[in-house]
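Each chain gets a letter, A, B, C and D, in the order it is written, and its residues are counted from 1.
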Amino acid sequence: MEQEALTGDALARACAQAMFARDRAAQSLGITIEEAREGYARLAMTIREDMLSGHGIIHGGMTFTLADTAFAYACNSRNVPHVALSVTISFTAPGNLGETLVAEAVEVVSKARTGLYDITVRSSTGTLIGTFRGTCYRIRGTVLP
Amino acid sequence: MEQEALTGDALARACAQAMFARDRAAQSLGITIEEAREGYARLAMTIREDMLSGHGIIHGGMTFTLADTAFAYACNSRNVPHVALSVTISFTAPGNLGETLVAEAVEVVSKARTGLYDITVRSSTGTLIGTFRGTCYRIRGTVLP
Amino acid sequence: MEQEALTGDALARACAQAMFARDRAAQSLGITIEEAREGYARLAMTIREDMLSGHGIIHGGMTFTLADTAFAYACNSRNVPHVALSVTISFTAPGNLGETLVAEAVEVVSKARTGLYDITVRSSTGTLIGTFRGTCYRIRGTVLP
Amino acid sequence: MEQEALTGDALARACAQAMFARDRAAQSLGITIEEAREGYARLAMTIREDMLSGHGIIHGGMTFTLADTAFAYACNSRNVPHVALSVTISFTAPGNLGETLVAEAVEVVSKARTGLYDITVRSSTGTLIGTFRGTCYRIRGTVLP
């Protein structure tokens, strides 16, 4: 595959796949890529026992990790690497053992060196579990090897 | 142990231990409780391979999870259960494989039904990896069984 | 007007008008109510010289104030008073002298004691100036006198 | 005054004064500079009638504006202009008519192109009114003319 020839959504898919291949945390949590496009990513994760908090529901950190991974794949979708600078997450409903959560990341603003993304996490019945807003910052290099 | 007799820091330690005993996510990440006091918690976690992101550094979600766990133990330290409502995290430096991170949660404000906590995550050399500010909300029941 | 008979959008309009009548800050900034509905408010403000920062563009505090006012009117629209607990705002483009900004507040979640609202601030050409997400908390009493 | 010779805290004071001289919003709210140092600013503002919200306490936007101004002067203290990218504010107590609020901005991290600052707003009796955390981004030019 000649990666330099990829553009738009095909480039976004290649970037998401390349990041996922190195993303040990996403792999170990069983996160899967449902869709990757330019400035967009949608990921899924099924809540396992080892993702529960002391309240018996999904640990906020696991909801965050799913959303943060979607954020990463959306803001790295143009083969220009970005890292998270600051993020706000609101927890709106609990997620329960066995449920499959879907995180959808959409681009609000993409500028020369910074970007803003909105990520929602929903249960399979559409309940909003959390809503995440992230600011990212461009770093050197490329996403694809 | 007659739990109803516990107060102050002893109650805080009992609450942190009770939460940790049910906290499958914290257990599976190897998080340990270094100290728990009233309105305060300090936890440690060593960065493993399965905590790395596609950038080869600790996944933001893993840093968040450590901080969020410290937040939970601090804001549940009076045997009155609270859950996170919204959180902002800023990532200030990368964390690398093998490093032990320490999250320290301190209480800013504790009111009848809400609270505000500041959590810092530092490397073993003292570098600030991330800074987390969380708002929590009281729910019914008790932390101790 | 028998206020106890008001419901839905009519109640929301009465609440917004009652709040605005007491809202000295909103009045002094020339903020106007374009629309108020249940869980929703849209306000306008024209950028004056006394709203500029040291960078010669609208002061972030003035953009925030417009958004925060829309937030307040949306989350008080059911005659149940709420106050802001925590808010995150991202500044995405400058606002210039003489421009009229429009803030639109929409409800994400409304629960028994807390709520989450998204507010966007746009210029008259539709440019996103800022995006604001607020968590509010219920207090005692009513909005209408 | 040969501005190119200024360094450290003297440069910070000159930058704060230059920003304030152009900061129409800060002037119109009666904000005063109590102290400006490298990476630090402390400002005061007395709550006037035209700063009150519909709840009869200081409008959240006015508390934000005071904090945001302190943030601006702290993050522009090295004559390298920065603008706010995203900010989170938590409101912890009401401010009342006639009270003088003090905002203190301290630098958490200052990097090549971004910075992180913590700002507290307190009443004259020391009550924490709000706590503000801001991420800023470097722009071109200088602060001093």
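Going forward, contacts are C-beta pairs under 8 Å (C-beta built on N, C-alpha and C of every residue); 3 or more make two chains touch, one makes a residue touch a chain.
Owing to the predicted nature of the structure, the values given are computational and were not obtained by experimental measurement.
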Subject >> Pair sharing more residue contacts (C-beta pairs) when A-B is set against B-C >> reply: A-B
Original post:
Among the chain pairs C-D, A-D or B-D, which one reproduces the interface of A-C, with more than half of its contact pairs identical by residue number?
Top reply: B-D
Original post:
Distance from the CA centroid of chain A to that of chain B, rounded to the nearest Å?
Top reply: 23
**OP:** Provide the C-alpha centroid distance between chain B and chain C, rounded to the nearest whole angstrom.
**Re:** 34
**OP:** Mark out which residues of chain C touch at least two other chains, giving numbers and ranges.
**Re:** 85-86, 88, 90, 116, 135
Subject >> chain A-touching residues of chain B, taken from the complex the two chains share >> reply: 18-28, 49-56, 59-62, 64-66, 68-69, 72, 76, 81, 83-91
Subject >> Of chain D, residues touching chain B in the complex >> reply: 88, 90, 92, 108-109, 116, 128, 131, 133, 135
Original post:
Which residues of chain C touch chain B in the complex?
Top reply: 85-86, 88, 113-114, 116, 135, 137
